[in-house]
Amino acid sequence: MINKFRDSVDEVLADIPDGATILIGGFGLAGQPVELIDGLLRRKLTGLTIVNNNAGNGDEGLALLVKSGAVRKVICSFPRQVDSWNFDAKYHAGEIELELVPQGNLAERLRAAGAGIGGFYTPSGFGTTLAEGKETRHIDGRDYVLEFPITADYALIKAHKADRWGNLVYRKTSRNFGPLMAAAATTTIVQVPYLVELGELDPERVVTPGIYVDRVVQVDSTNPKEHS
Amino acid sequence: MSIGHRHPEKLTRDQMAERVANDVPAGAVVNLGIGIPTKVSNYLNPEHEIVLHTENGMLGMGPEAHGDDIDTDLLNAGKLPVTEAPGCSYFHHADSFAMMRGGHLDIAVMGAFPVSKNGDLANWHTGEPGAIPAVGGAMDLAVGAKDVFVIMELMTKKGESKLVESLTYPVTGLGCVTRVYTELAIFDLDRAGSVRVTETYGNTSVADLRTMTTLDLIDATE
Amino acid sequence: MINKFRDSVDEVLADIPDGATILIGGFGLAGQPVELIDGLLRRKLTGLTIVNNNAGNGDEGLALLVKSGAVRKVICSFPRQVDSWNFDAKYHAGEIELELVPQGNLAERLRAAGAGIGGFYTPSGFGTTLAEGKETRHIDGRDYVLEFPITADYALIKAHKADRWGNLVYRKTSRNFGPLMAAAATTTIVQVPYLVELGELDPERVVTPGIYVDRVVQVDSTNPKEHS
Amino acid sequence: MSIGHRHPEKLTRDQMAERVANDVPAGAVVNLGIGIPTKVSNYLNPEHEIVLHTENGMLGMGPEAHGDDIDTDLLNAGKLPVTEAPGCSYFHHADSFAMMRGGHLDIAVMGAFPVSKNGDLANWHTGEPGAIPAVGGAMDLAVGAKDVFVIMELMTKKGESKLVESLTYPVTGLGCVTRVYTELAIFDLDRAGSVRVTETYGNTSVADLRTMTTLDLIDATE
C-alpha cells in the first residue's frame, strides 16, 4: 500500500544534508510552508542553496534561516523588501550569494527541471543586466535569452489537502510555486492541514499528482478561511 | 470620459490613474503594477468587465479584501489580500507567466524610473552601487503584454524629464512601452522613437514639453 | 459585457481562410470537436495545415477533410492506423505533406507557442531520423534536440462546460490537447455540450481560463456519460 | 513469483507479461505500451498498488471498461475505454509528457523490433521505403522512464535474433532499454554493452543464447 503520510515535521526533514539545494514554496503567506521552514531551522544545517520568490521577511521563517547562517546562496526574484533586513545584512556583509532571476524565468526554469527540458529561450530579461553573459538568440523576429533548469534536492511546499498517494489540491493563490517545485525536486515534502481518504479528491481537480510527492505531514492551518 | 482632452490643471496621481482607466477597452485583460497603477482599478467601469490578472496566479481578481473577508490564501502580486470576481480562475506560476510571456494580456500598467522615446523601460533597479536589486515580474510583463502603459510623473523633483532620449538606468525591457501617462501629457511611443503627444494638461503646450524633454515631439493633440 | 457564446457552428468558422493553420483537439473520440470538423469540411477550404495527434480515421471527420483535398499538410505524431486509408492514399499519391513529431514534442511545441517560449531543448527524438537536420546540444551529460513552437491561426477544440468568459473545464482524458491548443492559436473556437452561468465553474477547477478562448458554441454530446 | 527461475518450457506471451509483472515493485508508476505490454496489467498484484500512467493524460488508470461502463471520454493510449482507480488524476498532454520526459515514471514496458546490446531501441518504424511512419509517444517514453523494459520474442520467424550488436532499424531511443524479457531468457543491459542473462526458459542454456544472438553474454543465472 502506498502511504506517503508521515508523523512529524522533524521526521520528514531528518535526511536533508548540509549543502542541499532546497526549493521553498509560497508567495507571501499564501502557500508558505511555515512549519517546515521552522523545522529546517531546527536542523542547524549549513551551506544551503534556497530557491524562493523572496529572501525572507521580518524575523521569522526564511529570514531566520538566512540570519542563522545556514544559507550560502539564494535564488529568487525579489529579495529587497521593507522588512528584508536579515537578508540585506548578510548580503552587504558579503556572506550570502544572490542569483536574481526574473519571476517568470524562475517559474519556467523550475518547470523545465520537472519536465526534462534541457534549456529554453525566453524573451524575459533580454537586453538587461540579468542576461549578461548568457547566450542569446534571434528567433522569428524576436530576441531571446537561453535559460537552464533549476534542479534541486528537496522541495518544501504547502498544499490544502493530500491523500496517501500524495495527490494534492491547493487553495486559491497559494498554488503559486507548489506544483512546479514538487516536480522539480528529487524529494518533495508537503505540509497540509487536511489528510483525506484515497479517492476523496476529485481527479479533475488534483493539481499535483502523487507521482511528484514523497512525504506528507499534517500541520494545522492558521488561516481561519482554510477551515472549510 | 471625465477628464477632458485639455484638462486645465495638471493631473493628480488619482486623475492619472483615472485617465488610464478610461483608455482600457471593455473586456480587456489587464495587469496593474504595484503603486499608482493599482489605483486604476478604482476607476474601471464595472459594466466593462475588465478582467484583472495578478501574476501570482489568478485571472478575475476582485477588489481588495477587508475585515472578515481577508483570506491569506488569496493575495495579489503586492501580497495584499484581495477577493474573487465571478468568472475568476487560479493557476500556478508557470502557467501565469506563460500567459504573460505568450502575449495574452492586453495591457500591463506599470510605474517607471525613466522611459526612453523608443519605449525602453527602466523600473526595476536604481543602478546605485550597493543597492540590492529586485525584479519580480517586471521583465516578464514588459516583454509579454500587448500594450505596456506607464504611469509616472514626467518631471523629477530636480526638474529633469523622465521621458528621455535613451536610458541611463538598468533596462527592464527594450521597446516595450507603448504609452506614457503623466501629470502634464500623454505620450504615444513606437519602437522607431517617434513620440506623439495626444493630450496635454495644466495649460502645458507641446512646445513647453519639447523644452522640458528636449525631445522632437509630434503634436497630435488635435 | 464579455460574451463569447455564439449561435452556430457555421458562424464560428465563417472567417477561416484558405491556407490557414488549424489545431484540432482530441485523442481518439475523447475531446474530438466532431461538429466543428464537420463544419470545417462544409467550408470547402484549400491549402490547410492541420495539427492533430493523428491524420484521420475511417470515413468521417478529419479523414474526410483530408480526402476532400482541403489539407496541404498534416503535423501529427501517429498518422498510420488500421483505418487511416484516406490519409494513406493522399500520402502515397504525394498530395499531402507530413511532418511527423514525437507526441511529447508535439505537446511541448504547442505549449511553447502559447507560453512565448522561442525554442527548447528536448531529449525526445535525439539520435533518430526525426531529429535529422535539427540542432542538437549536450547539456549536463545529456543530449537534446532544439525544437521550435507550433503557432497557428485557429484552434478547434471540445470541452465539457464553458461560461460566457470562455472559461473551460474538460472531462477525464478528453482534456488531452485542448488546453495547449487553446493557448497556442490566435483564435480559439470551442464546442461544448454545456453552457453555464458566469461564476458557476469552480475557479480551482477551471483548466483553460477564458483569456485563451474566443468563441464558444453549444453542441449536444453523443456520449451518454457526459450527461451528468 | 509463479514463474520459476528456470521454467522448463519457453514462455508464452502471457507468461512473459506475467514475468514482467512480477518484477514491478509495489507502488511503482508504470506505463504499459500497446500490445503484449498491456497484458502485464492482468498479472499485477492489486495489493501492490501499481499506479498505471497513460500518456494521453491520466495517472491511476483502472481496468478496461466494458458494457455500460464505457465512457468515450475515458480512453487509454490505445484509444480503448478504461476505468478510474481510486486516487487517479487527469492532466493535459504537455503535463503528461513532462511527467515522462522529466524522469518521473519508474518503468515503461514496450514492444520492440530489435534492441541492441547497449540498450538502443527500435520500435517505431520498419524503415521500409514507402511505409508511412508513425511514432506516437514511443520516443518520449524511451528517454523518460527510469527503466525501460522490453517484451519481445527473442527470435524472428526467420530465426534471427532481435537482440543484436547494433541496430539496423530506425532508432526510437539510444541506450534506454535496461531489461529485455523474451520467451527464452531475461537480459539485463547497460549502456556499456554488457549483457547479463539472469534467467533462462525452455531448457535453453546461456551457451545456446550466445550462439543464437552471437553476443558475448554474461551468465548471471546463478
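Chains: A, B, C and D, in written order; residue numbering restarts at 1 for each.
Convention: contacts are C-beta pairs under 8 Å (C-beta built on N, C-alpha and C of every residue); 3 or more make two chains touch, one makes a residue touch a chain.
Per UniProt, the chains are A, B, C, D = Unannotated protein.
This one's a predicted model, so the numbers in the text were calculated from it and none came from an experiment.
Of all chains in the assembly, those touching subunit B (Unannotated protein) and also subunit D (Unannotated protein) are A, C. Averaging C-alpha coordinates per chain places the centre of subunit A (Unannotated protein) 35 Å away from that of subunit D (Unannotated protein).
In this assembly, the C-alpha centroid of subunit A (Unannotated protein) lies 33 Å from the C-alpha centroid of subunit C (Unannotated protein). Centres computed as Cα averages put subunit C (Unannotated protein) at a distance of 29 Å from subunit D (Unannotated protein).
Residue positions 108, 111, 115-117, 122-123, 170-172, 203-204 of subunit C (Unannotated protein) each touch two or more of the other chains. The set of subunit B (Unannotated protein) residues that touch two or more partner chains comprises 84, 90-91, 97-98, 100-101, 143-144. Viewed as a contact network, the protein chains fit none of the simple shapes, being neither a path, a ring, a star nor fully connected. Chains touching one another, given as pairs, are A-B, A-C, A-D, B-C, C-D.
On subunit D (Unannotated protein), the positions that touch subunit A (Unannotated protein) within their shared complex are 26-27, 29, 47, 49, 51, 53, 59-60, 84, 86-91, 97-105, 143-144.
Across the complex, subunit C (Unannotated protein) meets subunit A (Unannotated protein) through its residues 108, 112, 115-123, 137, 139-140, 142, 144, 148, 169-172, 202-205.
By the touch criterion stated above, subunit C (Unannotated protein) contacts subunit D (Unannotated protein) in their complex at residues 27-31, 77-81, 84, 87-88, 91-92, 98, 100-108, 110-111, 122-130, 143, 170-180, 207, 223, 225-226. For subunit D (Unannotated protein) in complex with subunit C (Unannotated protein), the residues that touch the partner chain are 54-58, 70-75, 79, 84, 90-94, 96-98, 100-101, 125, 130-140, 142-144, 170-174. Only residues 1-2, 111, 113-117, 163, 165, 167, 183, 198-199, 201, 203-204, 206, 209-212 of subunit C (Unannotated protein) touch subunit B (Unannotated protein) when the two sit together in their complex.
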